[in-house]
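Here is the structure we will look at, set down as structure tokens.
By written order: A, B, C and D. Residues from 1 in each chain.
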């Protein structure tokens, strides 16, 4: 096993182990990867291995075209989706996929999650996008590979930047999140699950609840992300 | 106590102990059994014994006609339902019954759980079937025995295979799941509870949410169960 | 401190400590008592003391008219309700009051909890009764004392036996449960919370879900409570 | 680091550490402060520091105009809101801000939480007030400072006393609570979250559930807060 991938194996391992602690996965229904931009590879959870049996060295090294480079185990079945996103989105170094309860329920409704409050606006200034289910031809083809393109197409059509919006729902499937590090991508998955639960409750309590007004969206985003950002609770 | 049932007692014990860890039972409201096909017997949780006081040797050995073969305690009151299923479904070696919250709520509605997403499709390609409550005559008769037939009749009428669909809701009662091992049957109970919660949320968020389209159902099932299966997250 | 109340102090202490473990209380929003029928007294949680600071000797001994008999602390503010029930219902030896989430929500709706399934029928064959809020004159009077009578009046008007139905919702307030022992009363509180959550979900999933049919109600009750009872999972 | 602020640093630290234990925060989405009325300063959580890395000495000392007096770290981004409330409300010594799930969902609906039961009435005799989102001009200005005034204006317009009502929802944002101590303010945050969840469930179960009647509101408040108070469970 090559030592040159030590750091991303450690990062991917640590980030994967956060998923059960944060209540985001049942059994093995999730995976995290961490990328090395210089080597153009990423370390990802092996397929079907329970979290309690993971270790850094079990992480599989895969290149941005989805080829296995190093490791004894089969990589996660979602590996090609990760590869496509790393290949095309140059500024991300971590990706997370889960089937967390509330985010997945929203994905199953094929609806974007409306921006109802500042918890949401502290992280993104638009509704959480939901990519529509892909065409039957794409499904029959290289499905996990096409899932990556389905996500990118959704961002193009909605005019979104993957650097501003670090999360997506894949319609009828489940969420993907990403970030500058694997840790940040995990953080985004937990934020998404919380935002998804609150939006669900908001609509139940008040079916005509208005979206957050523009001035508040702008303020909350800028205090965290703007040139004079100062946010942190 | 006979040593020849050592293995199924261990399997049944380990599987029963998973139920409280997975949040699927309150008090003793659940039971798991593990079968030995050669001996045509199964080991099942004793009746009314709290999980923290279970041990492998307390598991009761029962044959496929529901007769107690070995053990000092009374078997679970659902024992005859397990016996009927083992007797008629030759390829299962584990059965679980729980009153887990969301699956039981669906059972109480007498509705099948619609297939809304890939979490569901990764495990079965049809709605989770809900067997109707049985006729009054069957209820007055050998109730737990008839529950087994009620489940089998439901599968016959819907044209389902117990090997493809390893779970059922018994109307107004609660879920049963099964599998090639007791561990797999417990896994199915946890998956069912998660799918039941997500389907509930999906309908709350979008009452007109469409069922998963056929191409996605087929893809997700085949990547896990088909001849070229490769699934595992 | 008198030694003659040792046993009920121990019982009340052990039962009170079950409430936080079962997720039935926030802070001190609950209390359990255990009665000694010969001495015609009961031991009850002291008022406002957090569970982690309880001990058997802190339990307060009170007679069936609500007079403090032994103990250094003030008894729970609900003590008079307990006293009234012990005085008039001769066959109970434990009472529990909580503000558990789902049961309290039902109490706030002033609705009985419909019997939707066998989880409910395994414990009682009727809807969980909800006593209406009391008249303003009773509220202005000896409130906690009158709460006991409000519960008893509800049972009289509905023709219920406190031995068959060991739980009640007090409208706009919260649940009370009881039983032959303090442990059984705590068990009933946990069952009620589970039944309340499932009934809530059942109506959300299917607003026209039918009540459990009579044959099933009868069967499930009899297998647990009838002369030939055999229930236990 | 000055020793004269030792006590409020300890109080603020202990109170902050209660938030994750009570399930009221995800990551760092919350903060508690504790005031020293003689020195006219308060100790508050530093910005963006995870709870597991907090210590008393990391608490930042700020005066009632929002100026940092002592400490090496940047104070919570909500510090000015705390400062405004301490400056104008003379009898509070602790403030808590969280994004707890149910209270935040209610804030997102811009609705007051109706008083449906005695759990609510034991703590306040009116609906939990929801301050409307502020005007765009205020948002563009000194936002966190204006949030404090938004809360005070809401209380003035509704004719509420901050000593009787120790909690508020800030519309589209999240709850703030306060009290005579930081511990009491944390207690109020947990009570609010529980009341918010129960009110949500009450309306789901019975959309026409009536508010608690006046006699019960009065009784429950007086037994806890009146001149002859005796409440405690």
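One rule holds for everything that comes next: contacts are C-beta pairs under 8 Å (C-beta built on N, C-alpha and C of every residue); 3 or more make two chains touch, one makes a residue touch a chain.
All figures in this text were calculated on a predicted structure; none of them were measured in a lab.
Visitor: Which neighbours does subunit A have in common with subunit B?
Guide: none
Visitor: Can you give the rotation angle that fits subunit A onto its twin subunit D by Cα atoms, in degrees and rounded to the nearest 5?
Guide: To map subunit A onto subunit D, rotate by about 90 degrees.
Visitor: Shared interface numbers for subunit B and subunit C above half of all numbers used, same, or below, different?
Guide: Subunit B vs subunit C: different; shared/all numbers falls short of half.
Visitor: Report the inter-centroid distance (CA atoms only) between subunit C and subunit D in whole Å.
Guide: Taking the average C-alpha coordinate of subunit C and of subunit D, the gap between them is 33 Å.
Visitor: How far is the middle of subunit A from the middle of subunit C, if each middle is the mean of its Cα atoms, in Å?
Guide: Between these chains, centre-to-centre, one finds 46 Å.
Visitor: If a residue has to touch 2 or more other chains to count, which residues of subunit B qualify?
Guide: In subunit B, residues 204 touch at least two other chains, as defined above.
Visitor: Which of the chains touch, listed as pairs?
Guide: Final set of chain pairs in contact is A-B, A-D, B-C, C-D.
Visitor: In their complex, what parts of subunit C are in touch with subunit D?
Guide: 26-31, 45, 47-48, 74, 76-78, 97, 99, 101-102, 104-111, 133, 136, 139-140, 143, 172-174, 200, 203-204
Visitor: Mind pulling up the subunit A residues that touch subunit D in the complex?
Guide: Residue positions touching the partner: 116-119, 187, 190-191, 194, 197-199, 201-202, 204-206, 209-210, 212-213, 215-216, 219, 223, 230-233.
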